[in-house]
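Take a look at the structures listed below.
Shared chain: subunit A. Partners: subunit B in the first complex, subunit C in the second.
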Partner chain A sequence: MFEIEIDGKIVNANPGENLITVTDREGISVPRFCYHNKLSVSANCRMCLVDVEGATKPQPACSTPVSNGMRVSTKNDKAKSSQKAVMEFLLINHPLDCPICDQGGECELQDVAMSYSSDVSRFNEGKRVIADSDIGPLIQTDMTRCIHCTRCVRFGAEIAGIMEMGGTGRGDSLKIEPFLQEGIQSELSGNMIDLCPVGALTSKPFRYELRSWQMNAVEGIARHDSVGSNIHIQTYKGKVKRVVARNNDNINETWISDRDRFSCDGLNHENRLQKPQIKYDGVWKETEWDTALVYSTKALLREVIDNKEESKLGALASNNATLEEYYLLRKLLKQVGSDNTDYRLNIKDLSNTINLDSNIKIKDIENIDYALLVGSYTRLEQPMINHRLRKSSLNGATIDVINSMSFNYNLPINSEYILNSSQIANLLARTLKAILLSKEQEIPGYLDKFKVSDADTQLANKLLSSDKSAIILGEHLINSDNSSNIANLISIIAEKTSSSTLNLSETGNSIAAKSTGFVPNENGLDANEMLASKMNAYILLDVYPKYDFHNSVSAINALRDEKTFVIALNSFKDSDVFDYADVILPISSYYETSGTHTNVEGEMQSFSAAVGSPKDIKPAWKVLKVLADLLDLSGFNYTDSSKVTSEAKQQIKQNIEHDREINLINTKGVEIIWQPSPYSTDALLRHSNSLQATKIGQLNTASMSASTAKSLKLSDTDNYLGVPVVISEVVADKCVFISSSNETISEKIS
Partner chain B sequence: MLNKFKKIIKDFTLNELLFGMSVTAKELVNTKITVQFPEERTPISPRFRGIHALRRYPNGEERCIACKLCEAVCPANAITIESEMREDGSRRTSQYDIDLFKCIFCGFCEEACPVDAIVETQIFDYAFESRDGSVLTKKRLLEIGEQNKKAIDQTKLEDSKYR
Partner chain C sequence: MISKKAKKQIDSWTEKYPANQKSSAVMEALKIVQLENGNCLNPELIQEVADYLDMPGIAAQEVATFYENYNHKPMAKNIIRICHNISCMLNGSDNLVSHLESCLGVKTGEVTPDGLICVKKVECLGACVGAPMMQIDDQYFENLTAKKVDEIVKSLRKEGK
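Entry: the complex of A and B
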């Protein structure tokens, strides 16, 4: 640490820092376009020129390292005149079409031009014009406005990991454009909109909608994955108009995924449920809230409470409700006398589930030196986790992957194992044996039959030799025959090698569901048991059977039973819900309700409602509270959701104990892994037109190897479960990997 | 003594009355300044700020591009604009309302407009018969602009050399 002088002020600086870092820290404003604190320094806009004593020419603050005793002036005549000259050069080819530019009002060029440029142009020659290309449904380009700061190019190369934008040509004919005709496909592409200092890259769904000064920004949490990225929700006249990133270095830095950014499109979809509805003799009639709630209460009293069949009431919830909603629904059922609550609707066999605690902070992922990724395509499934992993790999970490299919990762993979689930379990078992052998510890009986090869020892040694290693388990294996074995093997391996674990099979807000005890205890029935035994009544919280249930046919049949009374709380219309429900209560969607999201590291982030719910739509926690009041249950007099939060937090269960029994099974026949497209994991995403139009949103493939296709008698022109077959040699044997949001798969899969 | 004598002479010759009557007599023959509104009108400066109008280009295309600068600059929040993408991809207003009850006729909207779309005309004698008549819609503003195209063009031309 030494002292330097900036504008006559003595400030402290660390060796190796650039001048702009120091000025930013000290609150001294230096204009800039190409510099961004999360991107590398390119120093090509020259806007941050400052006068350094001793240097003959002005120096760019972003790429000038500080030195002891340096004397800098950011505002003397030399600095000012060079800044003004650079500004004049930048504006030579800028079209100055601010009145029709969407960036107007939040434009860095506009702001800097106001303070640093002269007000009259001396340029009378023709300006450069660049034809635009369509780069997809999310980003609108207007490259004539581009000032060649290359932030988008560096973002692609450094953060997104796929270099999609690039500069072609030189000098006057330098163009920033996508290299490929297919347009931008990154799952983080929306961040380029935030990064672009001018209006060259703007949001397509938001095009020509509003000026930045017209909107209110509300702090919020994105709930589509188990990261809980911090966002600003921008609203106008009670409607959510745009979502932009909010900085939180512990979670999402300054980035958010496209899923979090563009999902708000779906809120005003015509498919929203607008009014409570009751089914009278098979005919749906819209009604008032009072009527619908009294009708539901009477039905619950009639079907469950009056005839003392409390255990015949069940509650199922999707994995994207808020912590408060899970807690209240659980409390309601408990007070009625039932323990049947579950959110794990997409699991085939609930006695064989993944139980793995995460014990690494998101921000620490970038510091690990070895990661073993099991059954996960983090890039699309949890983009912000993948970003940290990518950072760790750029920092020198080795990443190994064990998957059932080879994926297009945006980070260097050291070695990749393409195996089906029983082979994965066997590999992990052999690795565990190798670890125990090298540590000279006792080998448990279930490992006796395994023979350790050199490759296994290598994998074991990597885990043993690295100081900070992590094993990351994804969501591909949730329905395999060995899912609990794999999770248990991983937790034992992690314990023996002092590795961290990260359980990414938890998606949405499922960790909150688990911690509020929404999973049944020994007295209660789990989701599959409920559906198998005839229940008298159900309360369903935002469940869309074809997407949420593993076996939608049997689930719908069970719910459709005439003797079963179903109260469905949903935010969007769904034909199956109309089919089986008796009362439909329209509930608030994302951003319209207050609540709490628990992310994969256990961080509980509360958020308030950004906008009010539309007329006749109520937040689910209020609906549950009123329902409980009408049932005369005590302890439900909450005035706002924060009261529920504080009560729920006191009862939260951390690290639930589970046995680590291992009983390896060899799967017979072809194994199907169905991974819904990342833009169809909840109802709001499915109703976002812009996301559905992207390449990722339209993923629809059933990948299998040639031998598997042969055994299933399929060719690459056929469909498998309604999804086009893709024959690929990077899929594990006896394994079909379906990436699709096709809702008919859940009907055919079982 | 002398003054007293002078006053008596003045009083008896009706001097002051005659002086007063001479003013009246002069005005009898002078040109008359009374204006018979609305048949007759006094001249108005080209910078007069009356009711608003939206203008079109000579080819009939509306000038307004929904930049919302007038909405932002309006000190009385009298302007409401909703923008959209027209079918041909251009940026246009889907709603352009001026509430004349709020408007203070400061002319800032006209100053802010980058395409000279919103202007204040010289029309000041207007009335509305219903309460919502005070809101000038986009349709009405364009109508006013078309009906008074010549006058607007003329006043803008006259004022242009001072801008």
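Entry: the complex of A and C
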């Protein structure tokens, strides 16, 4: 570290740093457009010119490395006049259409022009005009406003991992545009809107809505994946208008996924439930909250609490409720003597589930040197985890993939194993054996039948020789016959090789559900057992059967039973809920309720409601509290949700004990992996029109190899389970990999 | 489609660079493909070149649109590259361009109806001593006047027929 002088002030600087890093740290303002601390330095806008003593010409602060004893002036005449000159050049072709520009009020060009340009332009010639191109449903382009800072170009190449925007042409015909007008495909594309310093790239769904100063920004947490990206929710008159990223270097840095950014579109969808409803003699009638709650209470008393014979109450919840909601629903059931709570609705066999603890921090993923990615396409399923993984790869990490299908990864994959789930389990077993052999440890009986090949030893050696390796298990294998075997093998391999593990089969807020004990204990029934036995009553928390249940047909049939009283808490209308429920209570959706999200590293992030719920819609935690009060249950006198949070936190189970028994099974027949499209994993996403219009939102393919198609007597013009068949040689044999935003037509899968 | 022959030619260039830096050969590859396709590129071909060299399509497009020597429309048999940088401009290249435009009846960048001639304004070709100047194929024509230009055009037309 050495000292340099900036504007007469002596400051410390580290060798190798650029001047702008030092001025930013010291709070000395230097105007800039192309520089961004998370992107590479391109030094093409020249706005950050400063005067460095000894240099004849002014130097760009963003690309000038500091040196010992350097004396810099950012504000003397030479610096100021250079900055003003650059500003004038930048404004030559800028349309100055601020009054009709969406960026107005949050525009870096506008802000900097206020301080660095003169108020009258000397440029009287004709300005350049660029025709807009349609680059998809999320980003609006007005490329005439572009100042060619290339932040969006560098973002694509460096952060999103697919270079989509580029600078074509040269000189005054330089244009920033994507190739072939195919539109932007990246799952992180919305960040270009935040990055663009002018109004060239703006949010399409938010177009012409409001000025930034009209809105309140509320800190929030995005709950669509198990990362919990930090966001600002911008609201106006009680409505969520826009979501933008909030910096948190431990979790999402300055980026958020498009899913987190554009899902808020769905909040004002016409399909929102607006009023409590009761079914009288098969006819739905809107009613007041008092009536609906008293009706529900009476039914619960009649069917469950005062029922002297066998009385069974079950609670099922989606995987994206808040920690408080899981906790209160669990507490309510426990007090009326039921342990039947579950959120794992999409799992075929709950005795064969993935139990794997995560023990790596999100920010540490970028420091690993070897990763084994099993059954996951992190790029679409957990974009911010994928971003860290990509960073690790750019830092030199080796990434291997084991899955039933190959995907369009945006990071280099070293070796890829395309196998069906039994083969995956066998590969992991052989790898474990190779590890034990090389460590000269005892080989357990279940590994006896395996012969270790050179390739297995190679894989084992990669795990053994790496200092910071991680094994990441995703959600593709949750319904395979070997789910628990695979998870347990990974757990043992990780232990033997001192690797970290990351369990990405946890999605939404499922870790909060697990930690609040929402999975049934030995006295309780799990989701499948509940549906199989006749229950007297159910409380369902934001469940949409066709999307959430693994076997939606039998689930709907079980819930529809006339003797079963169903209280459904939902935020959106759903025809099946109207079919089976007896009472429907409209609950708040994302951003309308306070709560807590637990992410994959166990970080519990609480958030407050950004907006009030629309009239007659209540936050679920309040509904559950009042329901408990009406049932005369004790211990529910919470004044606000933070009281629930602190009580729940005291009882959190961090790592739940589970056995690691291994009993490998050979799968017979064709295996189906149904992976919902990333924009259809919860009700809010399914109602976001902008996300649904994207290519990712419209994913709808049943991929299979030619031989699998032949054995199923299918060709690529057919549909399989309602999804168009795609013949692909990157799918494991005897596997069908379905990526779809459709309802699961799951009676055929199980 | 890039022919096998062209791919072989491209390979001879990629061999000169490290294996993970195949994209270094993009300029030559585009040139080879353009020659094979009647002196003209199209988005599909650019994408193919990009795929062949393991680089994003847009990055190849950036190169293909940056340099004058890649054509994106069917090109004339003879391209007159006329310099419009400072020395030539001061010596009247603008007048020569408008003279060429009026005698050929097409604007710069356009091809004459007979497909013979196209005029392109290019950056400095390093022959300022003979400004104003232009280039046809590999030949430089210097110290141009309107009369000289007329003669050159006339001889091009003659050869063309």
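Just a few scattered comments:
Note that the second predicted complex is superposed on the first by the 743 of 750 C-alpha atoms of A that agree within 3 Å, B and C clash if a C-alpha of one lies under 4 Å from a C-alpha of the other, contacts with A are read in each partner's own complex, and residues count from 1 in each chain.
The rule is simple: contacts are C-beta pairs under 8 Å (C-beta built on N, C-alpha and C of every residue); 3 or more make two chains touch, one makes a residue touch a chain.
Source: prediction; values computed, not measured.
Contacts of A:99 after superposition on the shared chain: subunit B is touched, whereas subunit C is not.
Contact with subunit C, but none with subunit B, is seen for A:164 once the two complexes are overlaid on the shared chain. After overlaying the two complexes on the shared chain, residue contacts for A:517 are found with neither subunit B nor subunit C. By the document's definition of touching, of the two partners only subunit C reaches A:179; subunit B does not. Put simply, subunit A uses no single residue to touch subunit B in one complex and subunit C in the other.
Contact residues on subunit A toward subunit B in their complex (touch as defined above): 98-100, 104, 207-211, 213-214.
Contact residues on subunit C toward subunit A in their complex (touch as defined above): 43, 46-47, 56-59, 61-62, 65-66.
Remark: subunit B residues 65-69, 72, 83-85, 90-91, 114-115 touch subunit A in the complex. On subunit A, the positions that touch subunit C within their shared complex are 157, 162-170, 178-180.
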